[in-house]
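One chain, chain A, appears in both complexes that follow, with chain B as partner in the first and chain C in the second.
== the complex of A and B ==
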């Protein structure tokens, strides 16, 4: 047997490891590709990069309502300090976490259940799929108003039915109670979002190899075992992307809480985005609102990093 | 010189313009003779109007007693052959507004063109929700219009930032006393005047006479005091099961302070010292005894008696309209235009609902807002016209053209005609015109709602008023009504937030 010493790192000098080119080298190497996308990059710089830069800059300034913007006062990190040390920030953060975690979890679980159900062949599957998609295609503004009236504490259908069927003596006070308002709007959010999870997971279910499921069935695996050991591992990638997208969407939610409660009652449904909007356009404190936005931006960027990681995991494996 | 004996007369006579030649002696006599205004705050006269006599009957008696020649009056300020250029932004009539508003608007522009044919005019009718941010942006970019008409409290933000030119009634041939004292407060910032009122309105108290009768109350008499509102509301709820008073306490909603502040002021409270004749806006009154009494009254209705809609914390006035037309709400506070809205809702109802809605419209009554231990009060609303600082105006300011336009649009004639359905003339002499008489003859309850004007108090004229009124006051209400805080704690917490705001945080 002969041994190729050149490939054993023996007497022959080791070949230099090819270093990954940096960003600049890649741009030079692919300059004509970048020329094609230059106009789009320029537009993005104007409409995305500049506002981000300006928001970050503004976050270091105090902008009292009685001063024009060109007379704003530099305060360094004071806005960040004021936000992070205020009790309202932590109240709003708590609401935001509750809103995001519960909305995401239940939208995903319901979406998964609906996707599994629709993945089977049965009569009327197409109609059911169309019906379950309705919440996703309805305008969030219209849905918020409809739900607001369904929940209405005096004339809501839900309250009237609960009285009629003898569940309660008087209509349930959903949106005007500090303990029930947030759960009530989370339900609306779940209703609105679960269709999205359903579509994503339904697409993921198409990638589960049928022969594997049949082989497992032949080997005596029950329905739960087939789901847990075959279906779920194949849904792992799409689940991660779905959950990340739901988290990002929920952290950015504005329409449902704003229209249904305006952040009330007594701040019970105030979340980051409603707080930022109120601070900027209700209280005319653009500097403080910008600092708030930067904090949210950092959180979103971290989530975006994980999102991109999850999306490109397969590509990295191929390159490796 | 205007004789005091002429005031409030009923004979048709030429409208007297009070250019700057009125003697000091006459003013002194007028001030002495004038009894205290209904608010007890300021004695003030326009040439043909005596505010001390202000009542529905008085308003009717002076309407149609004076003649106006707007073009001739304004020619004394800027000659009619003046050649120039004008840019103007305002919230004009929309598709949702009645035809009469569009007709008056068209007539106004035709009359302006006829009066000043050589002033080239570029007028932009903007949406209410877009205008503020558009003007803010334009002012930052030196692209502001020469003249803009703003809702009553927008101007203070621009005045505070030095973006408006000083402008007082005397600059366009009128006198400060030609306008409501409350309206003049709204254009005054740090002692300087930055605009002229165009139109002013106040809300009124509305009730369903049939519900009152069914509950054993006098169907033709509204509650005289806010304590009565609490009592009536409970009586109606207990006897009939329908909600009494349409409390509005939504967070981040302008509807809330417009309905709650009259109650707060009536009990002797305030956010700052906005109820005084010469407010300095330096002292916080949100936790004084009057403010706490008003908050306690709201608490009693919502929590103790449960006599107001449970949905009050998420309601704006819009959410009161359907219950009212359905006969499920007895009392509310709203604009004069609410009657037209109810007629419209009734016209859209069908079957048994239609019968019920028509009955509600027939039983709809308007009255003065209740008074309290301190006063009768209502929020003073309306609009003002402003001239932007020359350096911010797109293409430069043509001051003469701007002043000619301000004179023309704020005089008795057009301040009346342009406010046809939803408001009232800012210029007090507008009440003496034939157009005011026509309005009184054709618009139901106008005399009642107009009677509230002397009780009008504007919100604090400081740049932070939006935060005070739309955020801190509703938050205070919600903290108390949800039980998150006691009444005392909610008032003290709100007062601290106001103090922090004044201190610059």
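== the complex of A and C ==
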């Protein structure tokens, strides 16, 4: 926000009578504000705007495998066409959606459950809260390797336990089976992300006014009704933000699938980002990978736009 | 409506007594104010009646039912909270309907009850609004309405006016009083503002440190405070308290100050003073019963004016009698100056005497 010192205090100026200054005039008038943000703006241009521009540029070219970019060939929209008509793109998109929807849903629900539990007072709450935070603070790479071993068909604890308790005759080959690989890594992702949802929701829960809950109690609401009528509406804002962040994180996931399965077996766990990485740095097809990235960029911007719009719709109506 | 009976009610937190063996009876249709300073246990007592916190001991009856182990919803009470506690995501209509929905009333019943409550409180035009679109006074009325629709046996109110600005508070005070008169409702009302208690309540229960100090009509509490705490808490400005010592000269009894002046006591007051457990006695006097003289006259004691506070129709003067302050009210036409030497005359029929050790009011033996 800029503070117009000339208009602080004193008689009310008559801004309505003055014609709205054009963009250039406004920039000139506030030139010192712009100098303050100029360094940050320059860094942002360098590390964000330029890569975005360059990615978009490359997406229209066929790039040589030896990466001598002066020999790249302009192909127009061919890259996009090739991607959108390929079967693998839709398979990968399907995987990504499954990955995102299930991860987000269960991370949120488990996080909410954990937050509700931790919001009550009981012995050992502090320790439990710290324990439940571990998945979030642990390195994703380390966690992925640990889980890979837990799932291992020959040495994995999970397989051994399921045999010992008689659930299965022999250890399940979680990560090498096209039907179990994706669910298996989704479980890891949920485990990793639910503590994030838990922290967010716990913070939200702590702002639910005690008096409202008491009022509802006197009004005859039972625990479930208090949760539904008081707590949930109060958590709406923080829930929307949490879900948005989870969806964006999950659509952009890379570490867990890449380390645990590398997109395999037979592409069963390939999702957008692993696919792009594979295309760019595995098959050295930067033009193709760029086009892929641009498509994702557009999809996510649209998603974010509609989400934020839905999120703020109620507020605008009240202001206007 | 119903009466509320508290019998030896106790609430402890660890070793701390928040409510210490409180017994009182709120008669059917009575407006009772629980009043006291912060932390005196008044809100805890209210929450115990509501059932929002668990008692450590004692019994509570509402009507003919023992409610010790009943949930708040089964006690047939309604509560109005300090911050109104309106459900922010619900419209006024839905706020009022909520307690009825929880009781699974039919839709048409709910609508009829909500509309009639809204009519009583003059909030019909607000029914479709959300709480945040209402002013403080309107929110207060909605909160009252939510209590009203239930048609409860007892209304419990927890400092319902303390969030309003001064002007609105006075206005809502009048409305609440009227509300009580019209409904003949049993009301238990918590406030830290003794003026609210005095103006609205049929009876006031003055609490301090978890103990019920005095439970009587505001007039009796004002006229005959049982101890020094009640004397100094009720009334504005507070009763002046002057610690003195009893001395006897044959059959005559007087009070002597550390500075050396003596105040001879009337026969009735002398009998009271002699019941004190020690020679220490505290003299209490309300500002309106004290006279100020600018020249020495018999039966007066000397003092020095500290401040003069004109309020328009009355001027309050604080006078130092040695180390203690006595407040005197004067007609604004009387001109006095700070640091002026003056003489104070106490009305022997209207002074209060307290035991200097036990702080209890002294009565004639």
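One rule holds for everything that comes next: the second predicted complex is superposed on the first by the 270 of 320 C-alpha atoms of A that agree within 3 Å, B and C clash if a C-alpha of one lies under 4 Å from a C-alpha of the other, contacts with A are read in each partner's own complex, and residues count from 1 in each chain.
Here is the rule we go by: a residue touches a chain if its C-beta (ideal position, glycine included) is under 8 Å from a C-beta of that chain, and two chains touch if they have at least 3 such contacts.
These numbers come from a predicted model, not from an experiment.
Superposition note: with chain A as the common reference, chain B and chain C can be accommodated side by side. Of the two partner chains placed by the overlay, only chain B lies in contact with A:68; chain C stays clear of it. In the superposition on chain A, A:135 contacts neither chain B nor chain C.
In the superposition on chain A, A:111 contacts neither chain B nor chain C. Of the two partner chains placed around the shared chain by superposition, chain C is the only one that A:214 touches, whereas chain B remains out of contact.
When the two complexes are superposed, the chain touching more residues of chain A, out of chain B and chain C, is B.
Judged by the touch definition given at the top, the superposed model places A:204 against neither chain B nor chain C. By the touch criterion stated above, A:260 is placed in contact with chain B alone, chain C being left untouched.
Contact with neither chain B nor chain C is seen for A:287 once the two complexes are overlaid on the shared chain.
Between chain B and chain C, the shortest distance over C-alpha atoms in the superposed arrangement works out to 51 Å. Across the superposed pair, chain B and chain C touch chain A at no common residue. Within the complex formed with chain B, the chain A residues making contact are 64-70, 82, 148, 152-155, 171, 173, 175-178, 260-268, 278, 282-284.
Here chain B touches chain A in the complex through residues 139-140, 157, 160-163, 243, 250-253, 309-314, 322-323, 328, 462-464, 466-467, 470-471, 474-475, 478-479, 481-484, 504-505, going by the rule given at the top.
Only residues 209, 211-212, 214-221, 225, 229-230, 233-234, 236, 318 of chain A touch chain C when the two sit together in their complex. Contact residues of chain C toward chain A in the complex are 50, 52, 71-73, 77-79, 81-83, 85, 87-90, 98-99, 102-103, 133, 146, 150.
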